[in-house]
Each structure stands twice: as C-alpha cells, then as structure tokens.
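The structure appears below as structure tokens.
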Amino acid sequence: MTEDATLDPHAAQVLALIRMAQRPAYETVTAPDGSLPLLTPMSEVAGRMAVQVGAQYLQQATGGRGVLLGGVAGVAPAKVVVIGAGVAGSNAVQMAHGLRADVTAIDRSIPRLRELDAQFHGTVRTLFSTSDAIESAVAEADLVIGAVLLPGAAAPKLVSSAMIQRMRPGSVVVDVAIDQGGCFETSRPTTHAAPTYTVDGVIHYCVTNMPGAVPRTSTFALNNATLPYARALADKGWERASTENRGLAAGLNVVRGAIVHPAVAEALGLASAA
Amino acid sequence: MTEDATLDPHAAQVLALIRMAQRPAYETVTAPDGSLPLLTPMSEVAGRMAVQVGAQYLQQATGGRGVLLGGVAGVAPAKVVVIGAGVAGSNAVQMAHGLRADVTAIDRSIPRLRELDAQFHGTVRTLFSTSDAIESAVAEADLVIGAVLLPGAAAPKLVSSAMIQRMRPGSVVVDVAIDQGGCFETSRPTTHAAPTYTVDGVIHYCVTNMPGAVPRTSTFALNNATLPYARALADKGWERASTENRGLAAGLNVVRGAIVHPAVAEALGLASAA
Amino acid sequence: MTEDATLDPHAAQVLALIRMAQRPAYETVTAPDGSLPLLTPMSEVAGRMAVQVGAQYLQQATGGRGVLLGGVAGVAPAKVVVIGAGVAGSNAVQMAHGLRADVTAIDRSIPRLRELDAQFHGTVRTLFSTSDAIESAVAEADLVIGAVLLPGAAAPKLVSSAMIQRMRPGSVVVDVAIDQGGCFETSRPTTHAAPTYTVDGVIHYCVTNMPGAVPRTSTFALNNATLPYARALADKGWERASTENRGLAAGLNVVRGAIVHPAVAEALGLASAA
Amino acid sequence: MTEDATLDPHAAQVLALIRMAQRPAYETVTAPDGSLPLLTPMSEVAGRMAVQVGAQYLQQATGGRGVLLGGVAGVAPAKVVVIGAGVAGSNAVQMAHGLRADVTAIDRSIPRLRELDAQFHGTVRTLFSTSDAIESAVAEADLVIGAVLLPGAAAPKLVSSAMIQRMRPGSVVVDVAIDQGGCFETSRPTTHAAPTYTVDGVIHYCVTNMPGAVPRTSTFALNNATLPYARALADKGWERASTENRGLAAGLNVVRGAIVHPAVAEALGLASAA
Amino acid sequence: MTEDATLDPHAAQVLALIRMAQRPAYETVTAPDGSLPLLTPMSEVAGRMAVQVGAQYLQQATGGRGVLLGGVAGVAPAKVVVIGAGVAGSNAVQMAHGLRADVTAIDRSIPRLRELDAQFHGTVRTLFSTSDAIESAVAEADLVIGAVLLPGAAAPKLVSSAMIQRMRPGSVVVDVAIDQGGCFETSRPTTHAAPTYTVDGVIHYCVTNMPGAVPRTSTFALNNATLPYARALADKGWERASTENRGLAAGLNVVRGAIVHPAVAEALGLASAA
Amino acid sequence: MTEDATLDPHAAQVLALIRMAQRPAYETVTAPDGSLPLLTPMSEVAGRMAVQVGAQYLQQATGGRGVLLGGVAGVAPAKVVVIGAGVAGSNAVQMAHGLRADVTAIDRSIPRLRELDAQFHGTVRTLFSTSDAIESAVAEADLVIGAVLLPGAAAPKLVSSAMIQRMRPGSVVVDVAIDQGGCFETSRPTTHAAPTYTVDGVIHYCVTNMPGAVPRTSTFALNNATLPYARALADKGWERASTENRGLAAGLNVVRGAIVHPAVAEALGLASAA
C-alpha cells in the first residue's frame, strides 16, 4: 500500500506502530461476532476486483477465450464459478452478476447460500460444496474465482491440477486466496508487474495483495476499518489495548519472539504457544 | 369459456354476434401497431399457466422427474427453455423466472431478445433461434415450453421427435401453440379432462384452450379486450364497423362463405381470396 | 424418500444408522444459532411447493375458483395469504411473489416481518399476527398457506372452521404444517395419491411429506444438510457424536426406550425424561 | 414559472416569443410519434409531486387519516389508486411504489397496463378502466390520484361526487388533470397559497400548475424540452418553423385570431377552424 | 398519541399502567439481541416520514429550494444525506431511494453500511462516518436527515452550525433525533402546529414525536410491539414481569423515585443508581 | 474479426460476398424501424466492453487513479459518465451500474433518458445533453465513455481538449465512437496491441474494432444478425435482394464506383450521389 499519506496523521502513526515490533496481524483481529474487521475490507476489494480482472484476461489479446462476461442478447453469457461465498466470494458474485454473467456460487455453508439466494432473488445458482459439484462446475466454466479463505490458516486446495486440465483453453482462474497459499493446486504467487501465467492453456491470475491495484479505494477502506483500533492503540499502548479488547489481542501473532496465534503456529508446523 | 355470464349483457350479446354467422376470428383482429389485441390476453394467460402446469407435471406422482423448478439453496434449479418470446413466451419467461428456475428464452427476433435482456437485467439467458441452439437447449431441459405462434397460421415444428427422444425421462413439454397445430413434432391436442400423454418418457401437455382452466381470469381479460370492439359492432353492425376499422376487418376469416384471410387460406392450402 | 440411491454410499449407510435403533429425529437436530439444519431444507421445499400446488388446485378442472395467481395486465391477481413467515412460510412468500400474486405474510415476530419487508422492498404486505388480522385476510384470500411450524411440537390451530366457512367456494388452503398436526382446524392428513378434500367448498391440500413429490430436489437438499452430521456419526458412533455436538444430541427423541426430547414428550402428554 | 432567469438568454428570448402573439400551446406541440414533448416534462413533475403531496395531506395535522403511505412492517400500507397511466399517472405510480404503498393503476389502454406490469414485475396492481373498477377501487383508497389527461381537451369526470362520498373521512384526492378541468366531479382549481378544500370529509388538492412548486426542477425540465423548438423558432421565425415541423404547427391554437386546434375548438364548443 | 382507543382494552389498560407510577421508558426496553423493540416501530415511522416531510419543505411555497426529490429524466435528482443508518436512518434511506433521490448514507458501523450496500445492490452511496465525510456531504445536500439515536442517551451533535451555514439557501434538515436532543447543533424542538424554523436560510424540521402525525399507522405499530409485554405486565404485575424478563427490566428508568437506568442518569449528569 | 470459421459455411460464403465488390457497409443496413441491425450487436459488445476496459485502466499498475469502480461499503464508488445513450451507451450504462459505479448518462434525446430512468428505476442519473452538463460531469468523472454514434457519419467532438485537461490525473476515457472519428477532441485510433496513450494525465483507450477483443461473443452476435440478410443475398444476389429490401439497399455505400450513401458522401466532403 503506497498511499498511507491519505491516512490522517494520527492513524498513520498508529499504523506504523502496528506494523512494527509486535506484528499484530491484520488478518486475525477479531470482532465480537467472530468476523475479521481488518481483513474484511481487503477481501471485499479483492473479491470485486477478481471479476474485472477475469473479464480482462478473457479477452483474446491476453490469450483468453475471447468471450464477453455478459454475452449480448441472443448470445449466451460466460459461465463464472465462485468457490467460497464468504466476504471475498460474495463480492465476486455481486460483480459477476452485475456484469450479467451466468454465475454459480459454491460453499459448504448452506445458510450462507440461502443468504445469497435471498439477496439475488434466485438469479445466482448456489451449489453445496462437494468435490463432484466443484469438478463439474469448473469443467464448464469460463472463469473460476477461488475465494476460500480460512482465518490465518492455509487455504484448502479445492481445485486439483486434473480439474484445471479439463477446462477449455483460454479459460481464466483468479485465486483470491493466494495470500493464504491459494485454493487451486496449480496456483503460485504472482505480482502486479507479471500477474499471470498459463497452465494447460488456462490463464492463472494469482497476484498477492490484489487490493494494491486500487490503493485509493483500499486505503480508504482500510483506514475506515482500522480507525477505532488505531485510536485504542494510540491512546492505551498495545498491551493495555489488547488486554481490554480480546478481538485485538487475537490479532497478535508474535509477542516478544513467540508465535501466539494458534492457526499461524499450526500453519507453520509448530505447536501453538497459546 | 363457460363464464360469459360474467360479461356485461351488452358485451355478451355482441360476443354472441361475433361468434355467429361471419366468424370473424378473434385471433386475427389487428391493432394499428400490428399486434393482435383479442388474442393477446389469451396468450398471456396461457403463457403464465404453462409454467405452473409444467411445475405440476414435474412432480413424481404424475410421472415427472421429481424436481422443484426453483431448486433450493445448494441444489441447482430446474432448466426451463421457452421457445418463442412473443406474448405467450415472454409471459412464460416471467413466471419461470419468478419461480427461480434457470430460464432460457429462444427467439428469432434479436430486438425481442434485447427487450427481455433489459427487462430481466440479464438474469434470463437469451438465445437466437437456430436449430442448433434449440437442439442443445432442449436436450438439457427439464421443462420446454413451446410458444411459437404465427397469427392465423400453423405453428412451425421447431422441436423434432428426435429432440424429444434425447430428453431425460420424466421431463415435461407444454405446447402453448397447440391451437395452431403445435410446435413439437410429437404434439397432439388434449383436453382439460385428459391433459397429458407420454412420448419416449417425456410428458406432453397439449391442452387446447388452456385459458379455459382459469375462466374467471380469462373472462375478465377477454372482456377488457373486446369491450371497445363489441361496442363498435353493436353500435354499427359488422359491415360498417369492419369498414371503418381495418384492424377489425382483418379479423374476418370467412365472408359469405369465402375465406378472406390470407394466412388461413394458406394454412388450408388454398389461394387467398383477398 | 425413495432416492437414497443418489446419496453417496458413505452417507447412505449413515442415514440408515440414523433411522435405526435410536431414532434421532431429523426435525429436532439443532444448530448453534438455534435453527434446525435438517428440517430446514424440507421446509424450504414444502414452502416453495405450496404455491405451485395452490396454483394448480385453483384451476377449474380440479374444482378451484378458476383464477390465475398472477392475473394478467388489467385483471387483478389472486390473493395469497401465508401464515407463518419462518423457513417454509418465507419460501412460500418468495414463490407467490414470483408468480405475481397479491401476497400477505402474517407472523407474530415483527423482526421477521421486517426482514421480509426489506427483502421484497415493501412489495409483500406484512401483518402482525392477531386473530383479527388472520380472520380478515383469510376471508378475502384465494389461497391460504399455513406454515406455522414449532420445532417438535404441535402446530397451533390459527385458522378456525368458522374462518374456512367464510372463504369463497373454490378457494384453496395448503397446510404445510400438517406433519405437526396442521394449522387449520379443518386439516387432516392426506397423501400424494389422494391429496385433497373439500370442506365448505374450500379445497384442502394437506399432504404429509410434501417434499416427497420432488424427491430429486429433496434428496440432494437433505443430503447436503446431513453430510456433516452423517460423517460425525459414522466416524464416532452416535453416543460420542451426540456427546460432542449438543445440537446433534438435541435430535435424540428416544434413547433406550425413553423419550428424551421435552417437546415430543409434551406433545404426547408425557413428562419429559430430560 | 418564476425562474426563466435560469434559461439561457437565447431560449428565454424565444420562450417570450412563444408566449406572445400567436399563443402556440405548449400542451399541443406534437412529436413524430404523437407524444407531446413540451407537456410531458410538466406531466412527469406533476405526477411525481402528486404522491408526496398526497402523503403530506394524509397526515393528521392537515386533517388527514393519519396514515403513512408505506405503513411499516406488520402494519398494512395505505392504498393508492392512480387513474390514468399516461405520463403523469405512471410517474405517480413510480413514486407511490417507491414509498411502498399498495398501488393500483387504472387505465383504458391494456398495452399501457402491460408496460406497467412488466416494468414493476407485477408488483403494481393494474386494472382495466371500467366504472365498476374505478368505483370499488376508489371506495377503499386512502389516496386517489386523478391523472387522465387528453391533449388540449377537457378531462373526463371519471370519479363522481357519489364515489367521493363513499370514501373514508380524511382520505385525499389529488387532481393532476385540473388544468384540463379535472377528473373528479368535485374538483375545482386551487392555488399553491390555498391548495386544498374538503368535500364530504375528503381532502381535495387541485392546484393548477403543480410544477410551479418545484420551479428549479421544472424549469430545467422545460428548458431541456423546449431547446430544440426554441432554436428552430429563433432561427426561422414561427411561420417557417411551423411549416417545416408539423409537430410544432400542431402547437398553434390561435392563428391571427382564429382557433386552429380542433380539440381546443371542441372543448370551447366551437367548430374547429382546421 | 391520541388513538389509544384503537388498542384493544386489555392492552390499553396495561399501557396506562406502564405510563403510570414507575415510568418504565418505552425507549429502553431491550430485546435479547440488544435491540429496542418498543422504540423500533416509532423509529421506523419517523425515518419513513422524514423523507416525505423533507420533500414537502423543499417546495417553493414553504421557502424551499424548489426541487423535486427524484428530479425527472434529464434533470438531476436532489441529494439526500442520511446520517445514521440504524432503524430510523435505514427507513429514511429506503424512502429517499424509493422517491429516486441521490442518496448517501453515513454511519460509523461498516457492517451496517455493508448491509445497506447489499440490500440496495449498490445503488445507495455508503460512507464511513468521519467529520470530513459529513462536512462535504452536508455541503452539497438538498436534504439532510439526522438519524443518530443512542438508546436513552443524548444524540451527538454531528452537524455543526458552521456546516449548516455552508448549505444552500432553501435546503432542508430533518432531525429525527430531536427527542434525544437532536444531532444538528442548530436543532431545537418544534411541534406539529409550528413544525419548522429557518437558520441561515436552511429550513429546520425538528418536530418531537414525529409519529404523532400518522397516529393510525403508529398506533397499530406500537400496539403490535407492546402486546407481548403488555400481556406479561397485566398477568404478572410489573415487579414479577420485570424480574422474569431482563429486557423489560431494562425499561425501568425510575423505581420508587430513584433513577435506575445508567444512560438516563448519565445524560442527566447523575451517577447511575444501578 | 478472425473467427469467420465459426460461422456456418453458408453464412461465411455470403459474408465474403458482402465484403467483396460492392462493399455494402454493415453499419448502414437499416431495419424498418430505422435501427441498424448489423451495427447494433457490435455496439452492444463495445458498450459492454468499455466498462471493463475502463475498470482495468483505472488500476494503478496501468497508470490509473487506483480506484475500484464500485468502491466498497463505506468508500464512495467511482464516477462513470456515459455520453450518448444509444445502443453502445446504454450497454455501457448497464455494465457500470452492474459494477455499482456512480453512473451518469447524458443524451440529447429526453425520451431515451426516460427509458433509462424507467429501466433502472431511477438509480442511474440522466442528464440532458448541453455543453454545460457535459463539462461539469466530465470534470468530476473517474471514467468517461464516449458513445455518440451517428449512422455512417463522423461523431461530434463533444468533449474538448480543455475538458480533458480539467480531469484528474489517472482518470480514463474510452472512446467507443473512434471508428467514426471519436467523440473526444483528444482521441486518435489505437490498436489492441497498443490500446492506450495519455494526454494531460488522462488515459485514452481508443481501440478501433473493440469487439475484436472478444471474437467468440462478437462472431456469434454478428452471425445471428446477418443470417437473414445473408440468406437473402445468397438466394437472390445483391441486386435483387437490395431492390426488394430497402433496408439492405441502405447498406450500399458504393455502387459501381460511385458513393451512394448520403452520410458517407457528406463525411467525405462530397455531394451525395443519391
């Protein structure tokens, strides 16, 4: 993020503090309802961006199949499959639906799928996540967006190399979960400078820090989300702030050299110090 | 229609006149814009009914595949294909969309498809009518609604026996065009008393006069549409009324024993007397 | 349900276990938020089906009033009243709204009504449940759907015989709560083979196990919902699984011959063993 | 209109010309498709305003019934009846629907009702205009908006004194057609200074020149609509402009002292000079 | 509220009890989820009314800018800013959106803004509440609705006199929070008899008890909400009812002369007796 | 277009004929209602693509302002201005609205703006085209899409260099009218290989033949549209086909060496041979 300058000075100073020393992880600060208020805005941005990025790489000039997401009257739209209907996934669904694609959302939480069904009045296909469902949906897709994010842990590899192989040449996959290791077996991190590579004819977009492409929007979003925490940290210091706010404490990964977050420890193959 | 009693006496008397003697055909009276104002309400009713009839016969008790049109969250909806996006077809599309099915509308008029695309904000798949498009859509459909109506002429047989054969057992077809001969090769007229028969495992609903199933709605609709014409006929007699209103004249099929409507003549294999 | 074959073998085996011996009741397994994850999909299916069944029996051939749910332009739509806006009820509301009926939803939970009001942007009339509200809404309705379900307990009789008597001949009532005894005083269980009977000119559809009419959809829905529980039961046995998951334990009605579920005991007039 | 100052000088000068001498009537200038481009924006404004005015006078402080147009969750909304679904009427429908009232639109054109039905996806009740339909709708209404405008001619009195008498005390009627004489039998012109009067307990709002209440919006709207005509008049003079543009010629009511517009002549009980 | 007569006698009697003696405050009775079930309906009514009141005072006759909230095609709509997106605020948003204004909702809860964004499919602008955001939004607004309500406590003054000064003459502010002191620095309570006053050219509508303008709707809404509590109070007496229902106890402000509600005590500058 | 191979052989052969010899111009073949059936699908594709291209170049990596079109909850969306609301423009509006941008559509046809207003229920801002309106809208825009296409004639330069200069650095303009010369003064044709250049900090995307980026979608769309004409040309030859179909004749620009299309002649500075 290059636009800290747009943060107000108070917040900027605190963000610097946050990044320093104790490395509390944005992505594990927890709200009372279990959600992740500092990760959420970045997931929203990444989920929304995933669709426009996918649309872009489906163009022929970049090696894509040459299809327009929404088709036009008389020509069927492209098929977009979104795996994971959490924050990132449901934002991707919104945008793909907005561009008039044929959208399928897959998740293992039926209540989450019910919310999508209600929100879109049944105009988004919702599928319970089984390997069969994923396999057949991916095989027919023009664009697959992987958006399975588990807080602080590695993303599960829900789409195998074999599934990628069965996709049509020029199809596109966007891995929003790449920061947690990715949810395609064929994913490996890329950068905004060299954002894609091709495996078996399928274009892979696996840029880490996707929100960095739209820093103006991302910074405002992050600023909004961190302000209350930043104020608490600045006013009280990290120790007292973390003591008084268990959600903020959950954001501490490393305290005086020891890994204290259980999922991080587990992901690194260590027993948790917690 | 058994509820003429609900018409006001003036209209009822005139309707009797209409049916009598000169047999002006409801279905060929023409509005200044070329539409068919007396046929339209019946097509609306039939198109809307087609979906609820289709939903009913997809139930297992009546031999259907046992699928719910809209599915539920996590389970994909049924696929409904509507062939013909005129009045009957677009009303069928509305209802299938309202029941949250996966809807495909096929028509040979791209402007008509554009209107559907705009009206449903892209949530109904529109396909230009080619035999390929029809064939592949029908093969995957749970419910096919045939709604290709040409004014006063025989409907084209757009779905062949071979296509029906490739549908899954327990699928349903509803032929809204049966009054003009039907648009499935396998269609033959049925009645409200015995509405369906099965060909190659596919349930056929081909009831002529579908609006007769909901006479209260149909009579009001027809009454609304005929009132202006009825008044003109009652006030002026059919000869003067037809002379003054070319659209009404277009409703005359048989005048003093001669077939005067070109499409009717052509359908019967006769040269038109017009 | 006749299509266990579509379940994967693992799940099928576990379902057999579930049905056996200890008879844990699907309808009382409880999620952490108090909802009933195994009952919910069946309520969704039944609620959605209720509308298409109602539309069907309003046709004249089956003795109905002969009205089309959505009417057509210029002719008022039918009036649908849904009593109970829980899972079944709100799914019925969705479908009735989708078919363009004039829909009234009645519930005693104002927050639930608010959710409906927001979801449908005010296009569904919501009424707080009082006997007055029910009485006057029912008197004018073409179709009443009873969807008041209390977990494991008898449904309250919110619509009296007197109210049924005041409905117009050919109106239809569908009792989705019939499995818990029904919420119309005039309800008695029927079957898919003989689904309806008439009281005071009002057609009653009170089929127990409505989802059995669309087994393909229902089985997938149930399969999705049970999979996590089935895996736990298979891996751990019912005793350990129930111990570790209080929601699953809540699904146990009978343990070694004793009724352990309080609502079941109460419904049967017994003191609970719990 | 008090804000001609906001018009650009060129247009203002031309408008002055228009108002002068030959008195071409805004309300009868005709577009190639038969619509009235200079009347239309004023009808849009008046139709939209009619609903907010109606909402205002339904408040108790101004003698109204004390109902909120949209009700709230659990409390039924107010009933709004819009008679006439042309430009003014359909704009009133939009706003009443937007405020979540229970809206009925009545018109004698079924195609127009079909357009409303499609536009609002069936969430506005459409009724074919018969005296029965009007009578029973008005009797139950909280707010009736009369919006039957015939170009240059007197509005028909579709709502009689007797119908007004049967409305509930504190109900409101807004007569958008008052500039053409009004479509309630009880209507008489009022002003922005004294906008309402009461007949049989029913509040009447019959302000002529309703758009004058929102001059900023109205002037922009009128300015937009007149600009092309104004330019033609300024560049060519009224005689040549009217000769070259038959629609503009249709706006001439009085030429050198003779009434030339047939509907105006008829409304004044004169034979047309045309 | 003047229409207690419309309450059923049982409820009316209990309401009288409630108002008497112990003065439990409607606005602090608390539901298990922390919401305020007796305040909510009044906030809904006030929020919805705020928009129609704002539209009314924007008319020129009452000193307003003369703009129509929704504009018309070709003329930009008015800008409505709603500060606070709780119950009152989100109801105001709904109505302003329904009248086709350009709507901005400001709140300090991002999850709440997300819900609005999802509900309106992104067609309402949502802004995180900072003083900058409020200042620049207010400066451009035609109508500002202040809807920041804190349970039982004074509303924060989010809009300063300086911000009001920068608004255009004839703009309107409606302070829904006036019962808690108002959220504009320039607010002071007014009545339905003299509802507005002007500061720096900006019309202020600060009527306390806004729902009193639509008593029919408000009474039904309140009746619905209080019924369960009223029954408990009547059956058990206030002491036992309050003991058994902690939410009802939270509604007690004054017990035997002592202020027991902490926020009330704090607002009055007293230490809480609780 | 590189995928003629996907056309059926019959159509491909005819297309070759079309391109040959007489050079009938796709873009001037006219339907009976005056629309341009062969140009329309390409305009639809280009209009829809314009938004996704704009979103892409607003990313920071390509020099853009770094904003996400739809923003996220709490962060305002980007401002998209679409100049021209014909086929290309209204498709651009649809997509920008679908991506949840803040959309303004500008056109000189008020009826066209009314259609947009109705279609999007007032959630797209519509402005009558004046140079003032364009100037102020462009100055605040993040993305401007120029979509003013006049059949067979040069596009008017509605956006001047000075207006471009006042835009913020990193803003993007997409000129869909570039094939007719473009509607920005600063436009010059680019290619898919080098699609953009920057003027005064504003990124210009002016690729001619935009639909070539999505050839699969474009070819199907064009194939659908040309099929009827192709069949007529193949069956009858161009001379007879053009004689019998005046719309097809309108597609002839050059007949035996003489320019016969008036707009083409005028654009080239020649008197028309027609």
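Which chain is which? They are A, B, C, D, E and F, in the order written, and residues in each are numbered from 1.
Just so it is clear, a contact is a pair of C-beta atoms (placed from the backbone, for glycine too) under 8 Å apart; a residue touches a chain by one contact, two chains touch by 3 or more.
In this text, all values refer to a predicted model and were calculated from it rather than measured experimentally.
J.: In the chain contact graph, what is the shortest path length, in steps, from chain D to chain F?
T.: When the steps are counted carefully, the minimum from chain D to chain F is 1.
J.: Applying the touch definition from the top, give me the chains sitting in contact with each of chain A and chain D.
T.: B, C, E, F
J.: So which chain is farthest from chain C, going by the mean of the CA atoms in each chain?
T.: Result for the farthest chain: F.
J.: In angstrom, rounded to a whole number, how far apart do the mean CA points of chain C and chain E lie?
T.: Centre-to-centre distance between chain C and chain E: 37 Å.
J.: When the centre of a chain is set as the mean of its C-alpha atoms, what distance in Å lies between chain E and chain F?
T.: Chain E and chain F have C-alpha centres separated by 48 Å.
J.: What are the residue numbers in chain A that touch two or more other chains?
T.: Within chain A, residues 41, 44, 70, 72-75, 94, 97-98, 100, 110, 121-122, 128, 220, 224 contact more than one other chain.
J.: Taking the top-of-page definition of touch, could you list the pairs of chains it picks out?
T.: The set of touching chain pairs is A-B, A-C, A-E, A-F, B-C, B-D, B-F, C-D, C-E, D-E, D-F, E-F.
J.: Report the residues of chain A in contact with chain E in the complex, numbered from low to high.
T.: Residue list for chain A touching chain E: 35, 37, 40-41, 44, 94, 98, 119, 220, 224-225, 227.
J.: Quick one: which bits of chain C touch chain E in the complex? Just the residue numbers, please.
T.: 110-111, 118, 121-122, 128, 130
J.: Considering the complex alone, what residue numbers of chain C touch chain B?
T.: For chain C paired with chain B, touching residues are 3, 41, 44-45, 48-49, 52-53, 55-56, 58-61, 65-75, 91, 94-95, 97-100, 192-193, 195, 212-218, 220-221, 224.
J.: For the complex, which residues does chain C have touching chain D?
T.: By the definition above, chain C touches chain D via 70, 72-77, 97, 100, 102, 110, 113-114, 116-117, 121-123, 125-128.
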